[in-house]
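One chain, chain A, links the two complexes that follow: it is found with chain B in the first and with chain C in the second.
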Partner chain A sequence: MRPTGIWFSSYAAEARVLETARARIWLGLLGAGLLGLPLVSGTWLLGEMTNLFITLIAVCGLFVTVGMAGQINIAQSAFVGVGAFTAAKLSGLGVPVWAVIPAAALASGVVSVLFALPAARVKGFYLALTTLAAQVMFPIVILALPMSWLGGLVGMPVAPPRLFGIGLGTPAGLYLLGLVLAALAVWTSYNLPRSRIGRAFRAVHDNDSAAGVMGIPVTRIKIAAFFVGALYAGVAGAILAYLLQFVTVSSFTLFASVWYLGMLIVGGLHSPLGPILGVIFVTLVQEGLHSAGNAILQSGSGLGGGAVFAASSVVLGLCILAALIFEPRGLAHLWTQTMTAFRLWPFPRN
Partner chain B sequence: MIEFVQILIEGALVGLVYGLVAISFVVIYRASKIINLAQGEVVVVGAFLLWTFTEGMAGIGYPLPLWLALLLTLAGCVAFGWTIERTVFRPLIGQSAFTIFMAGVALLILLRGLAQLVWGAQSRSAPAILPEGALDLGPFLVNTRLLIGAVFTILLTQALHLFFTRSRLGLRLAAVAEDHTTAHSLGVSVRQAIAVAWIMGTVVATAAAVVLLSGSILSLEVAVIGFKALPVALLGGMESIRGAPLAGLIIGIFEALASAYLDPLTNGAASGLLPYVVMIAVLLIRPYGLFGWRKIERL
Partner chain C sequence: MAATGGAILEARALGLRFGAVEALKDVSVAIRPGDVHALIGPNGAGKSSLLNCLSGFYHPWTGAVLFEGRDISATRPPERARMGIGRTFQGIQTYPSMTARENILTGFHTQMTGGVFAGLFRPPGAVRQEEEFTARAEEIIDFLELEEDRHRIVGDMSYGLRKRVDLGRALALSPKVLVMDEPMAGMSPEEKGDIARFTLDIRDRWGIPVVLVEHDMDVVMDISDRVTVLEFGRIIAEGTPDEIRGDERVIAAYLGGETEAEEDAA
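Take a look at the complex of A and B:
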């Protein structure tokens, strides 16, 4: 809901995502702050933020597939992996960054289409199972391929990225790369629901039989949803490869896919704000548990580092269940409600 | 030739274990229309419960007799299944299939974390409940543990089949699997159905854990069995109890053949990929599986 006194004199003005000048100023300030962060912060924070951006890109992709088109995808981590391995292979061959990232995105997209093809025959849960197959098959295939192709069990080194003669391999460089691409991912996921294909995704999400009756090519749209979602995953994978400098199969597990889904559900499936809030929330919880875990470790009790990971699993699981049971629209909805209450104050929000 | 038959026997016996886990999928689905992605975690929890009441109690100086340990495990499974119904699925009755699937995803994360917090990540030896050894049948060797498991699977299948098709409660559960809202409006208690489904599902999963792990290693990684059994359940048909062991036989035999003859050629990938390739093929050709219910879509 809008505050009082805001009106539009043209249709284009009303269709904007950022409706008011104040919203644009706030966004500009946020962007400037994020751009300026490398000047003031240490390496640790930059690394954490880069990780957050990578996760955000992957979850934005999941928002397109799962949130907008309603097709369950439990292989996002495998698609990130395809992107990472493509980036590693190409960077090893000396391909520059600006070509590696689109190539990684495309590679992930093509692989996802392969597993989305059963959409022609099955739907809903059964389609989710083919993505499960993709996730389980991914490490088996990589490990079985000859060592010289994708590194097999050992993994592959990644050459540090260079753009226009500037080395981006530093923490600050990677941070900026992640920031720019995450901004792009957020921008596209805000605008996709307003486009023709985005509306088709939404129609298929709501009722695919009805969408078919209205003339939407349902199968093609479903495959497109997987393709677009995997494009994001490929980009995330490419940056992750640069960040890790060494890719191995063990980084891309089913469990990671489930975590991505969890972040999306906690944040909210139906709003582009969802991925952002979900990723930030889960990262904060994880970091909080990490520091709590470190404090416990230093105090000398017998708990291992595994317990911290287990505790964050428990917390995330509980958060997803709480979101599903009490607030299926996630943190994004809570955010809108809070903003509305704030704007209407002192009048009650009905 | 002897080697070939030996491979067939071993594949069939392992396949029936997959079938047993698949039955625990099917039981839950058949009674509540929930496809539980976390079934592998349920197997792990069942196995850890059993471990606690046998080795764990012996470890702290209170060894229990085997029958009491098994009884306590059974009680633990019932309590566990009932808790899940009460806390997770009861509030979600009437929600979309998507939400219920996501609840399964959440359970997967939650149960894995809980198992690690409660029992720790280290692997340990599982209690040996079934006798380990080999039975000589002419030139062939049959693993006794798996043989007992196979007989158990077949008996259990028949019993559950009779339960679901002959008993009043079983038929009511089938109505819930058809449609929650319709079942509810006809006076069938959906809550009760889901509770029964989960209790049976955990008990069967724990039985599978006994057969699978008896005398071998118990760790969190055992949960992978859930994802191996999912293609089996799908091939048999999610609604068919008797389809599950049959599909298990098919997958087990083909997996054994692939691992004997194709793995040397493909660097060990063929047997790992096979169940999932079968799964995708089933989805493309017969999405409802060999014996599942064919659903009609209405607008």
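Take a look at the complex of A and C:
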């Protein structure tokens, strides 16, 4: 619910995400803080943040495909891979970064449509299997192509990004690239639900037979949902390629796709806030586990790295289970509930 | 054969079979502008089959469906929605995760423009269009008295309210004819009264003719201009409510008894 004392005089004002001057100021401060971070931060934190931005962009894409349109997709990591290989290939040809990123997005989008064409005819479990096929086929196809195309088993080097003559290959440059594109991803995923096509996605999710009778072309909308979700994945892949400086198929696993889905579920499937909260929460848990794992490894307890890796998967699984059991609408819903309770205090929230 | 003159939606000599069951046999109905036209009949009489032929879910084996004089028998439901045949559903078929207003806005899908790009980047044109259609959705919200509930999630609403949202979504299609499948089933008398009032207002204020299937005879007789009675897939009577009330075959069909004529013959 809204805080009291907020009134609108136009529908456009009502549709704004940031309703109050105070909210806009807070977001401005957050943006300034994030932009200024490279001035004060070390390389390690910048790298971590860049990774977080990349993950956030990929999960924003899943929010569109899975959260809004209800089309289960366990191939997001493969679509990230398509973006990464496209970026690697194009950067090798000397294409500038401002052209590489849209091209990577588009390449992922087009590949996703190939899989969405059959996927649009099946639902639920069968759809999950169809997207799983995309994930499994991705490395097979890359390895089967001639070495000179996409590097095959060896992988491909990525030329450092340059924008208007400025090298962005430094940790700070990559961080800023990630920040700007993550902001774009968040902004667009807040825009979609208030648009014609976004409502069509959600209508197809909620009741596809009724949507069809209401004149919404269900199959085309499902394909569009895959396409849009993969656009985000392509952008994420391009930044990841620049960050890794070398892309191989082994970076884009089914495991990563499941992590992306897990983050979305923990954060909340039904709100654009979900990807943000989910990615931050799961990344913090992962980092906490890594530190704890390192401490355990160094303490000489006899536990190997395999056990620590397994433990982090178990903890992610527990997070997803806990989210599904206790709060299926995720952290985003928890957040709105808390805000509502806070605004209604001292009256009870019903 | 029903008269063609001025009918907006017409079924002409429809025949439909499911295996050995003859769901519709030589059924002709003409929906005239300005009418609330009720289809009634006992269970299994073919009312829903007829309705589904009109809205494109079923394709009749014989005969034709005409809309504004054009044969539309081969078209599918989404095309018919675009042409201007709006429909509400039996039971609950709204979008439960969306608000009442968003549900109604989805009804404008075919009238709005803008695809992926407009959705992602919200250019000024898209914002203007959103504003324009939000205002139109608000007219419907105002008409259906949903002001208090416009931002509520439809999944949390009562049955009666959800049916109203369903109606609002159908009105958003700006239909030239509205097909309603049991709009009052399972409602309290107050809710039925509301829907009856809305139905008459849709006819009078919005100028949209209504075809409806309904079981509550009192309501049907009160609000209909024309009534078509079906039994075993055939039309057994058609006329004004007063004519239908007095029709022997209709009484027999509903009471399951024999008509006086049959009794006399026996």
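The criterion applied here is as follows: the second predicted complex is superposed on the first by the 348 of 350 C-alpha atoms of A that agree within 3 Å, B and C clash if a C-alpha of one lies under 4 Å from a C-alpha of the other, contacts with A are read in each partner's own complex, and residues count from 1 in each chain.
Simple rule for what comes next: contacts are C-beta pairs under 8 Å (C-beta built on N, C-alpha and C of every residue); 3 or more make two chains touch, one makes a residue touch a chain.
Remember, it's a predicted structure, so these values are computed and weren't measured experimentally.
Asks: According to the stated criteria, A:Ala210 is in contact with first (chain B), second (chain C), both, or neither; which is it?
Replies: In the superposition, A:Ala210 touches chain B and chain C alike.
Asks: Comparing chain B against chain C, which has contacts with more of the residues in chain A?
Replies: Result: the larger residue contact count on chain A belongs to B.
Asks: For A:Ala69, select first, second, both or neither according to whether it touches chain B, chain C, the two together, or no partner.
Replies: neither
Asks: Tell me which partner A:Leu176 touches in the superposition: chain B (first), chain C (second), both or neither.
Replies: neither
Asks: Between chain B (first) and chain C (second), which, if any, makes contact with A:Ala241: first, second, both or neither?
Replies: A:Ala241 contacts neither chain B nor chain C.
Asks: Would you check which partner chain A:Ala200 touches, where first means chain B only, second means chain C only, and both and neither mean what they say?
Replies: In the superposition, A:Ala200 contacts chain C only.
Asks: For A:Leu273 in the superposed arrangement: first (chain B), second (chain C), both or neither?
Replies: neither
Asks: Report for A:Tyr11: first if it touches chain B alone, second if chain C alone, otherwise both or neither.
Replies: second
Asks: Hey, what residues of chain A end up touching chain B and chain C alike?
Replies: Dual-contact residues (chain A): 207, 209-210, 213.
Asks: Would you mind writing out the residues of chain C in touch with chain A in their complex?
Replies: 55, 77-78, 81-82, 87, 89, 93-98, 102, 105-110, 112-116, 118-122, 126-131, 134-135, 138, 169-170, 173
Asks: Mind pulling up the chain A residues that touch chain B in the complex?
Replies: 70, 72, 74, 115, 118, 121-122, 124-126, 128-130, 132-133, 136-137, 140-141, 143-146, 207, 209-210, 213, 254-255, 258-259, 261-262, 265, 304, 306-307, 309-318, 320-321, 324-325, 328
Asks: Please name which positions on chain B make contact with chain A in the complex.
Replies: Touch list, chain B to chain A: 35, 37, 88, 91-92, 95, 97-99, 101-103, 105-114, 116-117, 120-121, 227, 230-231, 234, 266-269, 272-273, 276-277, 279-280, 283-284, 287, 297-299.
Asks: What part of chain A is in contact with chain C in the complex they form?
Replies: Within the complex, chain A touches chain C at residues 10-12, 14-15, 188, 191-192, 194-200, 202-203, 205-207, 209-217, 224, 227-228, 270.
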